[in-house]
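Common to both upcoming complexes is chain A, partnered first by chain B, then by chain C.
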Partner chain A sequence: MAQKRKRKKRLYQRIRENKRLQSAETVVLPVMLGIAIFLLWQGGIVHQWFHTDVFTLPLPTKIGSIMGDNIDKILENTFSTVSVAFIGLALGCILGYLFAVLAAVFPRIGSGGLGIIGAFASIPVVALAPVMNNWTRDLSKEASIRSMASKIIVVMLISAANMSLNAYRGLTEVKPFSEDLMAIYTTKKRVVLWKLRIPNSLPYVFIALKVAVPSSIMTAIVSEYFAEYITGVGRQIRENIVLAQYATAWAYIATACIIGVAAYVLLMVIQGLTLRRYH
Partner chain B sequence: MSGKEEKEVEISIRDVGVAFCDNAGNHVQALTGVNLDIYKGEFVALLGPSGCGKTTLLRSVCDLQEVTEGEIRISGKTPGEIRLEQKFGFVFQQPVLLSWRTVKKNVELPLEIMYYSKADRSKRADEMLQMVGLSDFADHYPGQLSGGMQQRANIARAFGLRPDILLMDEPFSALDEFTKEKLHMDLLQIWSETNKTILFVTHNIQEAVLLSDRVCVLSPHPGRLSAVVDIDLPRDRTLEMKETAHFNELVSKVRNSFEGGSV
Partner chain C sequence: MKQRIMALSRKKWFSMAVWIFALVCVWEIGASVVAGTKRSPENILPHLYQIAVAAFSPEPVSAGMSAAAVVLTSAGATLLRALLGFACGTVLGFALALLMQLSGIVEKLVFPYLMLIQLIPVLGLAPIILSITGDINQSRIVIAAVLSFYPVAANTLAGFQSVEKEKYDLMYTYAARKSVIYKKILIPSAIPYFFTGLKIAAPMAVTASILVDTLQGDGGLGCMLSQSLKHAMSIYVFWLIVFFSAFIGIFSGYLMGRLELLVSPEKRKPRKAQKRKGN
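Let's turn to the complex of A and B:
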C-alpha cells in the first residue's frame, strides 16, 4: 500500500516537473473550466442553482444566435464603445505620462500634484459621468458629439490618474547608484531623463496599461449609462434590460466580455514585443 | 617603486571632515581630520570596516559628497571642476548596467553623454570590451551575464572615457573568490597599461595589500585615517605572492594598524 502511494507520487511529480505539460496545463485548465460552465448553463443546472429561468438567463446557444442575428447593430455599438475607450485611454495616458515627467523633473511641485491625481483615481465613474455630462452641455449642438466628449473625458481622467502614478514610479525608482553614475559624467537633466528615466519607466507604463486598458472599457460602458445620446454596448445592455429583452441584453454583455478580453490580449502581445529587451 | 621625489601629487586631501544629518535628523560625523596626498599613477587602497567613512571619502574626492571641513584639490582644482571636466571614472559596488541596453551600448553610455560620434563610440567600446575580455558578449543584455562579467562591463565603461582618476567602491565584494582573483589580475594588467590613478575602497585586507602601492587604514567613530602602510611588494603582482612570508607580514602590519588593535 505504502509502496503504491510512493509510486503514485512519483508519477504526479513527473507530471508536475514536465515543462511541456505545465504550459499545456495553463491553457487546458481554464478551457476545461469554460466548457464546464457552458455545459452547466446549457444544461439548465445553473438555472436550478439560482432558481431562475431561461427567460431571465437565456441559454448560451440562444445568446449566440441573437448575436448572429444582430451582428450589424452589435458591431456599430462596439465601434462606439471602443472608440470612446481608446481615445480616452490614449489621451489620458499621454496626459498622465507628461504629468509624471513634470513631477519627476520638478519633484517639489510634482509630489503634491500626484496626491491630487491620486484622489482623482478614487472618484467613482458613476459620480464623474453625470458631472461631465453637465460640463459638456454647451460643447456642441449635436447630442452624439456632446455625449462622446463627455464619455471620453471620464475615461481620460481615470486613465490619466492611473498612468501618472505608475509612470512617476518608473521615472524615479531607478537602479541604485545610476543617478550617481550620471552625476559622475555631469549629465544634463534632459539627458538623464532621456537615457535613464524614460527607458526605466517603460515596464511601469505597461503595469499601468494592464489596469488602464480594462478599466477604460469598463468606464466607457458605465458612462454610456448616463450619456444623453443612446449608443454603445453598455447603453444597449441597459436599454434591453428596461425593455425586458434579456436575451439581447445578454448578447451585449457577451460582446462587452469579448471586447475586454481582446483588448487585454492585444496589450499582452504589444508588451511582449516592446519589453523583449528588458530582463 | 621609484623614489618619492619624482612623484607628482595629484590628489591632495587637507584636514578633510564630512558631517551630515541622517534621515532621523541626527548629526553624523562621517569623517574627521583626513590628510592624504595621492600621487599620479598611484594605486591607493582605502581600507576599513563598515562605517569608517571610506566610501564617504571616495565620494568626496569626486564631488558626489560635499566636504564640510578642510579641502580637496586635484591638480590644483576643486573636485567639482574636475567632475565638470569629466575626468573621473567610478566603479560602483553593484554593476550599474542599464538592463535595456546591450553590454556594448552600456559601455558607450558615457561616450554618448559626451557627444562622441557614433563611429568613435563603437570603436572605443570595442577596445574596452576587448580589454576586459567581453568582446564575444557585446550584444548580450546585462541580465544574460554572470555577476563577474557584469562587473567587467562596468569596469570597461569606467575606462571608456579614459579618465585620469578611477574611483572604485568595493567593486569585487559581491563576487566569488575565483572571479575576484581573476579580476584582481585583470585590473592590475589594465592599470599598468593605462597608468591611471586608482583609489580603491575595500574592507578586505588581503585584497588591499595585493593590489595597492599604499594602504590607507581608516577607523570608525568618527571616521579618520589611522595609518598609511607602504606596500613594497614588487610589481607585477602575482597571486602566488599571497603565499609569501612578506605578504603575510604586510597583512599583519595593516591589521595591527587599526586603532584599538583589532576591529
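Let's turn to the complex of A and C:
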C-alpha cells in the first residue's frame, strides 16, 4: 500500500521531477513570453497601457519594414558606432591591462592609482564626452575624424578602468600554494609574472570584458549625442526623434539592441574557445 | 625621519595622494601650454584655480544667479529624480529577484530577458521614453529606474543562488518554515551581492538623469551643461558641472559602500582585526 501511494504523484510533482520537461521549459517559457509581448504590441494593447499611439510606438511589423527599406543607411551608421566601440574597447583593454601589470609589479604606488582609476569608471559619460570634444578640436580639420577620436577616447577611458580593476585582481589573487612553489624554486619576479600571474588573470579578463563590451557600446552611443559630426546609431535615434520620424528612430533602437546582443554572443564564443583548456 | 617617510609611503592613501598630485600637475602643465597657444583657453583647459574662483564668485551668470547657485539648483532637480528612479529600480529589482527565487517558473520566464536587457543600450532609449511619457521628470525617473533595476535584480538573484546546500539542510533539520529560511539565510547572504548591484547602479542612475536633461530645456544639470557649451552663459559653468557630476558619480558609489558597512556589521570586523595585526 505504501509503495502504491508513493508511485502515485500529483501532476505538478511529476512535471517538476521530469528533467527533460524541465529543460524544455527553460526554452519554451521565455519564447512564449516573447510571443505574448509581440502579440500585445502588434495588437495595440501595449499602446493602451502606456497611453500612447501607433505613431510614437510603431507596430513591430512597421519597424521591420522600415529597417528593410533603410538597410544601407543603417549599416553605415552601425559601422560607425561599432568601429568606435571596438577600437575604444581594444585600446582601453590593452592600456588597462598594462596598468594592472604595472600595479601588480609595483604594488606600493600602483594600488593608489587603481583607486583613482576606479573613480574614473564612475564618472558620468555625459561629463567626459564634451570635455574630450574640446580637447580633440585641433586634431584634424575633418569633423568626422576629430569627433571619432573624441568618442574613441571616451570609450577607451571607461573600458580601461573596468579592465584594470579586474585584471589586477586576476594578477594578484593567485593560489597561495602556487606562490609558495614559486618561492621554493626561487624564481625571478619576471618569471612569476609570465608563468603564474598572467595565465591566472585570463578568466578575470573575460569577467571584465563581459561588463566592458556592453558598456563600450552604451558609451559609444551616448558620446555620439555630444559629438560634432552626425553619425552613428545613437545619434540617428535622436535626430529622427527631433524630426518626429518615430518609426525610423525605433528601427535604430532595434539596431542598437541587435548590436548589443551580437557583440555579447561573439564574446561568449571567443571565451569558449580561449578558456577551453582550463576546463 | 627616513623611516617615517617610508612608513607613510606604505599607506594606501599616500599613493593615492601622489597620483592625485600627479594628475593635478599634468592638468596644470596642460593648462599653461593651452593658455600660451590658444585664443580662448578657458574653453579647452582652464587652470584649476580659475574654476575654483568661478565657483565662489558672486557674479551672476544667468537669471541673477551665481555660477555655484546655478549648478546647485539644477543639481537638485536632476539628483532628486535620479534618486527617486534609483529607489524605484532598487525596490523593483529586489522584488523581482525574490519572486524569481520563490518560483522556478517566474525565473525561467524572466531570466533570459533580464540578461537581454543588460545588453540593450538603454540610454539610447532616452529620447523615445521622453516622447512616450511626454514629461521630462517622469522620463528621468523611468530611465534611472530601468538602469538601476537590472544590476540589482541580476546580482541579488546571484546572491540567492550562492547559498550553500548545507545551510538548506540545516534549516531542514530544524523544520524551519519557508519565511524563516528567507529571513535567516537567503536574504542575509544576498545582501553583499545586492550592494554590488547598487554600486553599479548608483552612478548609472546619475548618468541617465543628466543625459535626459540634455534632451529638453527644463533646468537640470545636463540642460545647463549644453547651454554653457553653446556659450549661453559663462563657460566655467560647464567646467563646474563636469567636476560636480564626476564627484557625484564617484561619491554615489562610495556612499553605497558605506551603506553596506552600516547594514552588514560582519564586514566591518575583519578589517579592524587586520589593522591591529598590521601595527
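Basically, the second predicted complex is superposed on the first by the 252 of 279 C-alpha atoms of A that agree within 3 Å, B and C clash if a C-alpha of one lies under 4 Å from a C-alpha of the other, contacts with A are read in each partner's own complex, and residues count from 1 in each chain.
Basically, contacts are C-beta pairs under 8 Å (C-beta built on N, C-alpha and C of every residue); 3 or more make two chains touch, one makes a residue touch a chain.
Note that this is a predicted model, so its numbers are computed, not measured.
Applying the stated contact rule after C-alpha superposition, one finds that A:I45 touches neither chain B nor chain C.
Applying the stated contact rule after C-alpha superposition, one finds that A:L196 touches chain B and leaves chain C untouched.
In the superposition on chain A, A:I145 makes contact with neither chain B nor chain C. Of the two partner chains, chain B is the only one that A:P176 touches; chain C does not reach it. Touch counts on chain A: comparing chain C and chain B, the chain ahead is C. No residue of chain A lies at the contact with chain B in one complex and also at the contact with chain C in the other.
For chain A in complex with chain C, the touching residues are 16, 25-26, 29-30, 33, 50, 52, 56-57, 108-113, 115-116, 119, 121-127, 130-131, 134-135, 137, 214, 217-218, 221-222, 225, 233-234, 237-238, 241, 246, 249-250, 252-253, 256-257, 260-261, 263-264. Residues of chain B touching chain A in their complex: 62, 64, 83-84, 86, 88-90, 92-94, 96, 98-100, 109-110, 112-114, 141-144, 161. Taken in their complex, chain C has these residues touching chain A: 9-10, 12-20, 23, 43-45, 104-105, 108-113, 116, 118-125, 127-128, 131-132, 203, 206-207, 210-211, 214-215, 222, 225, 229, 238, 241-242, 245-246, 248-250, 252-253.
On the side of chain A, the complex with chain B involves touching residues 175-178, 180-187, 191, 195-196, 199-200, 202, 277-279.
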